[in-house]
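Next, two complexes with chain A in common: one pairs it with chain B, the other with chain C.
Let's turn to the complex of A and B:
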């Protein structure tokens, strides 16, 4: 029995709030306390992301070498050169191809895998783990494994009579394939989590209406996970423009520049050609592309009134 | 340690920005502490690292103890660049050779002028004149060559016997050798760039020096001849035709995917007839031949064949494999220069390093008499002949300016895949070279006879 039960109902009233001043009252405001929790991370981000980003933007308007503090302002000179630079244009085209590939292949594979997973009950956890493993393995390990597998003398390349990493027409797709192998399992897990949140009564209603698995997927599952789908699409575009590790480890941008992306072009300009200002301009273009995509996503989210 | 100036702050911020933008992380631990001399180096293996630490760092008895940190070959330059921009970095700055980074580092104020120490230590009498000349920027000595090398033709004598052709020394012999080897199912010249794209310039350098000839290359380096001259176009075109015939690496595609261990294995197992590479391979070949590999295979080296009309039969491609200078961020330049002198001129330590670890020596005057009985006669032979070389060629990583060198490396792949003609490739070289020459970034080259 608690003390409150001993008190007559007429005598019950809310206990007065302890007097801790206006500041405490403000701190109890969820919005302010939220900001307070965010503050350390925000400061950290300011120092390690925003400040260097600001420098990168500034340097993109200079002839900075990348190693010296000396930098002369040259206006839009670097950006004007980018348009005429065949390596930049080639890298941009490859980035667009890369993005299209990752917007289609792993997304379809991820959706299919997640939907299949959601339809079974046994070994679900095991399969999720198996899909996820390549994603958590370091890219250098994944790349080394696939380089051995694709080896034209002792591996799959020998068996199939091809040299996928040595053929300029195949190299980009091969690197994408290897990267996708590590990536699509992650999408399976995320899509699967989103599918778990779909209202089961919708499936029951669809079943009653005679809808099969395929129809249910297109009419119930896909519309219900729309926000997740759009978010992952957005992230795929951003990540695609940041892709670097698999290309650098597997082909270093070759053969004959056939796997060069904007990131490898920027890396070469910055650290080999010592054109830090120019490399910064490439980086800013990459950031701008991502910025446009994020803005587009935010607009769609607002129009569609997505909560997540 | 010097305080942070606005210039350094901006440089550091920019470097941080670049690093963040490129997602290229690396340690930039301060290396310029006042009470210790620091050096970062990239050696071939752990054994070499240990040896260097013991004999080239800890054994030094100078004003400060020397601390050596091993870095990987793929990242050391980036780490040093980033550290320097942040106002830090090791006391001794190493670069892949005078072509790469030296001019830029000096322009940025990171390399101390070694002129006063040149007189103090008498380096002009110790080093090969060409190597010292190539180490100057705008007439000032800013680095010392810590290792030198040349390009050679490696063969496995047993395989050569099976092919039934002599080790080639002329273009005709080389083409016969490759045709015969290919016909018999061998890879004529083991080659590949899967591990290191820079391997492309080894072959471009061979085409220029042994195909066009050192006279022509020298003329172009001094600005008298254009790189678009037919002699260069023909030399590059001929080399590209060798690649397209599958003489280098098996075929063009294989060249892009062959790793170095695979190449060494091909030579040792008799699958490949020859290999064209640098003298740095002495250290790399050892584990694949003889007792260390559990076989009875051996390797031999000879000079790269002459591949052009009127080109001397023997041309020694000169190369500084590594340069080292003193970081201006280290307060005691005198002490650092003293260590640099030990690192590059202590004959006993250097010769022992060559004999025990296959290190490449600094380009000091070495003769057969400098080596002991335990030295590999192939190595003694090489350095004796190289020291006395009269007909010299010019490696791209020693005598070509940096952006031209990068172009040479990257676009050569376009030539052998048929995406670029030899003429277009040479035009690309010429346009970059002209710009860098106008900026004074071309290292000083000796005359083809070896004299300055």
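Let's turn to the complex of A and C:
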């Protein structure tokens, strides 16, 4: 690299200090020192996330067990088996149901809670804090809390005469309910923060025009928090395909696979069935879905010129 | 269906429009608060019941308050060791993540390196990758490197996982600092490192505290990597200590409740003391994970 003659206008003002030697001069070049500051993060991300992900893509084309080092290339064999694997297809369907549930129930609860909070003056910080508490409790403990509450012998399950976690027809909805219980309060806090930024005069104008609460919500509040709403909606889709904790802890995917998600199928294939290559293929499919969603979000953000 | 004509429905205002009456709003908000916190209170009550009281019902107040359940759970679940391991892992994760993220955030916010926005897009994409994609090779890699089943190995993974979010959060704090702060130092010939350590870092200490809290919470509660990467009791953090205990004692819900409450108590206290910092950190992100 030659001595820097191209300097951005914003950097030109900072007077360069006297240079001591070539190397020192280069380190003082902000283009190089900037990347030196990024280096540690990049290294961690490469070692923990990117390089192992690369390996997984390779393994997804092999019959690797996950423990012994031998991996034979089998082309798209794993992917061909995926399509015919009822566990995988069932997991994918459950992931889609999971997405739909989390796009609707917590979003509605979050929006409603936040809007209601923004309409009151007293106790709203206390209430916000209370709603947020389940979110900071560990998933292992939250699962235990609900397992005992829903207990078919002496809990809510007994009162209602059902077995919420043991009945294949109810189990998926029950796990979603428990995960949502831990999640919706977070959305209240985020939506509430966004609503605080809405221009008050818009509401006053709407009131003068005779708009009721519902009309105000849909005509003023919702459009004003559009970017937050879209961001969380798209993140919900990604997170729905990454969901793991609550299913693994509460039901391990059972009974009879009725709560299996792609994540639990991949985990079981990797660590119980010792099919590392096959599990990698499931992981790659999950990543592809995430990738499509993130790309969609980035495009929307670019088109709409959002800052967040 | 009331026989006496109500003067006005609480939902409908003049001209038959839907309005949210103040009382209605408070009633609904209180119901939501009970929905959020009630289960945790019930859990606390269950931790204080005797086995026979619990057998009568998981919902309701304890008749006698069995505080001894907490000490029994503490020893039987080996929670002391778990707590020490968790503290080591959480402290290590916080220090390492804050250091790595502060450097990166400085580059992105104050130096504005070329390719910075592409780098941030990369971070966004990397944090959307499913753990299941890199878990198996990482497991293999960690086993080869002697990092499997060690607290240090877990700290390194957490730093890799949590630093992108910590970076984005710290960056937003650093963007708020005025240019003039560092200009004087630069004119005096201060290098990048000195400006970073002496000028920028001290000015974003509140942001650093927020990042430390959210990172610590994530590390304390993390489950998937803890359960996969740690096997022996001597290295197990609390989340897996509790999980193992709960798997082994499925019938003893009073002790499980007591152990669970011991696990969440430190975070509950910390959250109630510093809730503004927690909330601003987690809420500004939208990237907290589910």
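Here, the second predicted complex is superposed on the first by the 269 of 308 C-alpha atoms of A that agree within 3 Å, B and C clash if a C-alpha of one lies under 4 Å from a C-alpha of the other, contacts with A are read in each partner's own complex, and residues count from 1 in each chain.
In the analysis below, a contact is a pair of C-beta atoms (placed from the backbone, for glycine too) under 8 Å apart; a residue touches a chain by one contact, two chains touch by 3 or more.
Everything numeric in this text was worked out from a predicted model, so none of it was measured.
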item: Contacts of A:261 with chain B and chain C, given as first, second, both or neither; value: neither
item: Which of chain B and chain C A:163 touches, first, second, both or neither; value: first
item: Partner chain(s) touched by A:273 [first = chain B, second = chain C, both, neither]; value: first
item: Partner chain(s) touched by A:53 [first = chain B, second = chain C, both, neither]; value: both
item: Between chain B and chain C, more extensive residue contact with chain A; value: C
item: Partner chain in contact with A:65 - chain B first, chain C second, else both or neither; value: first
item: Partner chain in contact with A:152 - chain B first, chain C second, else both or neither; value: first
item: Which of chain B and chain C A:114 touches, first, second, both or neither; value: neither
item: Which of chain B and chain C A:283 touches, first, second, both or neither; value: both
item: Touching partner for A:92 - first (chain B), second (chain C), both, neither; value: neither
item: Residues on chain A lying within both footprints (that of chain B and that of chain C); value: 48-49, 51-53, 55-56, 59, 66, 151, 242, 244, 263, 266-267, 270-271, 276, 279-280, 283, 286-287
item: Contact set on chain A toward chain B in their complex; value: 48-49, 51-56, 58-59, 64-71, 147, 151-153, 157, 163, 165-168, 242, 244, 251-257, 263, 266-268, 270-274, 276, 279-280, 283, 286-287
item: Chain C to chain A touching residues, read off their complex; value: 13, 15, 17-20, 22, 25-26, 28-30, 32-33, 35-37, 39-40, 42-43, 46, 54-59, 99-101, 103-104, 106-108, 111-114, 116, 119, 121, 123-126, 128-138, 140-141, 156-157, 159-161, 163-164, 167, 183, 186-187, 189, 191-192, 196, 217, 220-221, 223-224, 228, 239, 242-243, 246, 253, 256-257, 260-261, 263-264, 267-268, 271-272, 275, 278-279, 282-284, 286-290
item: Touch list for chain A against partner chain C, complex; value: 10, 13-15, 17-18, 28, 30-31, 33-35, 37-38, 40-41, 44-45, 47-53, 55-56, 59, 66, 102, 109, 113, 116-117, 119-120, 123, 127-141, 144-146, 148-149, 151, 154-156, 159, 179, 181, 183, 185-186, 189-190, 193, 210, 212-215, 228, 231-232, 235, 238-239, 241-245, 248-249, 262-263, 266-267, 270-271, 276, 279-280, 282-284, 286-287, 290-291, 293-294, 298, 308
item: Of chain B, residues touching chain A in the complex; value: 5-11, 13-24, 77-78, 81, 84-85, 101, 104-105, 107-110, 193-194, 197, 252-257, 262, 402-403, 406, 410, 413-414, 416-417, 419
